[in-house]
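By written order: A, B, C, D, E and F. Residues from 1 in each chain.
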């Protein structure tokens, strides 16, 4: 079936040409868990590769801007804001990324990509101490704007 | 303390100049969970954006190649192999990416980045049907090569 | 003459600041010809590197998004749609890419770049079987929008 | 069949880990044809966007370096040389790109991608005068190095 | 203080969502100084790597388009114009780059990044003859548009 | 002369295929000067966009890795180390970047590009307070490795 590439079977970027520009916003979060020793090194800046959380925030912002080159069917977007917060957990960190745009399509993927790249950066900077870290709970918390309107994750 | 940028406080790429070229390999995996309806659309190619899993595999491979531009302290590497498998789960999919290199530093981040981008691509292609999908359990399964030798995740 | 860089001699990105946003669309196509053996492998998914046409479609879409980083004088654009069709020919394949935008400049190059990258991807995935494939007939089929208005290739 | 992603159906980067480093070289060429008026503008540097051929050569070299980010299953490579020649034809131009590498896999795609991007750049810079230009005859002229040895296109 | 990532301490992209689209323009310049021998080679195209100034102009334009991927807190922008002039000095060259945009944030960084990349390209192409070249005086000459209005460097 | 693209007139990447792999290292530096008010904001982390120097270091490292995509005739390289130091000056900051490689060509451009991107990042983060900052004295301090051997800037 693959080679016929019929309507069901061909990847495509959804056509948003006729959508209106609206203010759009999306927030996503994700968690990385690590050993007590690794957590301590991050919190006290004793890490071999340098300050972990600052680097994670910067990579999350840069990563969100790369979304349309990384995710094949995403539209290129002119983000007007990317913000990255980090919460300290008992056994790791939670990253929360919010992306904004005035445009024709949503920014959920930008928020989710920012979270993912930020968490991977934490993994990279700490892996000399702990290779068993786990990245988890990457999810869309909420979005607003566009025809489909508001969405908020039920907890 | 930040502005003094002393030894503890400055991010840096670890110097691997004096390391030997060895055959290195790393395998990482990660999971995306989704609703029964979303799962059915993926498995039966009824998805609006087209075939999901093929697109995920391709984006995982392309994403792994972008690791050093996404993760600030990663070295640029000439990967000799990237492989991406997908297992069908009851409520989603598991991606398993293996990266290989003959070089001076490991390829754990390449495998983990490939997994993350592949999972984000699945989210992107299915999100019109299910926004509550969760990406989880991204972890390093095993690595080999280099001075630190073999590592295998204890299950 | 070169070093004086006078009006005639300096490359420049055309200034489109004063142009209006209009709905713009362009369609381009191109062909790759190959041996009967290679064609058969593509159509029956017996190819060493995997499914060829899906990969070509995805790379065409990703490639179109890279146009302004690849073609020096192209403006960065927020494409609202990229679509890639593949026609099976007797001795190869024809790719047809349509790009859309609401903006100040046309999307001909995006359509042409998508076609080119898609065809190169087919070449890459099949070259183990046939190195004598030829890429040809890359051309703009039609465009609309903007001050210069409609264009359609005379056949 | 697609969703099972079995051996025949999953795109993959070929594993070159066990291949030896050898000196590899590939030469590709391609042609763009245009109207007499367009050709005259290029040759006499009367073109609105500036000197066409220099820009094409530079974009061909930059484009060849982007091969592994554009063509999904291509390996990242440390090219040691890229050279781009341009022949003036009666009705257009021929680009000839040669790429070299000491490494584990061939550089055919780098040469072909360089040719394609160079020709697209010519199209871009001249399209205000002639939209009916055609890019054609993109092909591998010869390659050497590696297990499969020498290849030369039969004319 | 770093690890608390409080308001003062977390890098962020400034939120421009509520700003209006206005016509914005910025001009920056910078200088590279070199030996008489190097200058002569550039002016007479006797340089080993080829024509220097054309290559610098093209790289300045391409570089300006990469600003938001290079400078972490810069917004992605759809530049409508980038122009690069080169003045010949007694002991080197001055690059002047002007960038334009109709958008929500200024284009100073795009002009400055274009200047920097163009000057680095001159360094690269001439360094076989003169490694002691110095890049200097990179500064914003003027900007207009946006809430902060006109700025012009006092000389 | 331009259109003939003869030996003197065609940009090209220098062929390094026959060079040996040697340990190569290069150090470059550059300065940004700013007002007392701006300097104070950086040193005390009172800046609107967040911690300036950490962001500069990270962007310098990421920027150095992008050298071959930014500077047209640069070879893609597998850097084994990039290090970025910052010295506090009376009226600004000095960035010092060292890049290392075991390979066939030098890493001067990587060090210089890292310095330039790092300084531009400081400009970007502080420009809301001071638009008259100047980037200057970007130069190669020393290099070693390769046929041309050691170079050290005479002061």
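Just so it is clear, a contact is a pair of C-beta atoms (placed from the backbone, for glycine too) under 8 Å apart; a residue touches a chain by one contact, two chains touch by 3 or more.
The structure displayed is predicted, hence computed values, not measured ones.
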Checklist outcome for this item: Per the touch definition, the chains contacting both chain B and chain E are A, C, D, F
Item to check | Pair joined by more contacting C-beta pairs (B-C or E-F) | outcome: E-F
Item to check | Furthest chain, CA centroid comparison against chain D | outcome: A
Next on the checklist: As a quick test, compute the distance in whole Å between the mean CA positions of chain B and chain D.
Outcome noted: 30
Checklist entry - At what distance in angstrom does the C-alpha mean of chain D lie from that of chain C? => result 14
Checklist entry - What are the residues of chain C that contact at least two other chains? => result 1-2, 9-14, 45, 51, 54-55, 57-59, 62, 66, 69, 72-73, 76-78
Next on the checklist: Quick check on the complex: what are the chain F residues that touch chain A?
Outcome noted: 51, 54-55, 57-59, 62
Item to check | List of chain E residues in touch with chain A within their complex | outcome: 2-3, 5, 9-17, 19, 68-69, 72-73, 75-78, 103-105
Item to check | Contact set on chain D toward chain C in their complex | outcome: 1-2, 8-14, 30, 45-46, 48-51, 54-55, 58-59, 62-63, 66, 69-74, 108-109, 112-113, 116-117, 119-121, 123-125, 127, 131-140, 143, 151, 153-154
Checklist entry - chain B touches which residues of chain F in the complex? => result 23, 42-45, 51, 53-54, 57-58, 61-62, 65-66, 76-86, 88, 100-102
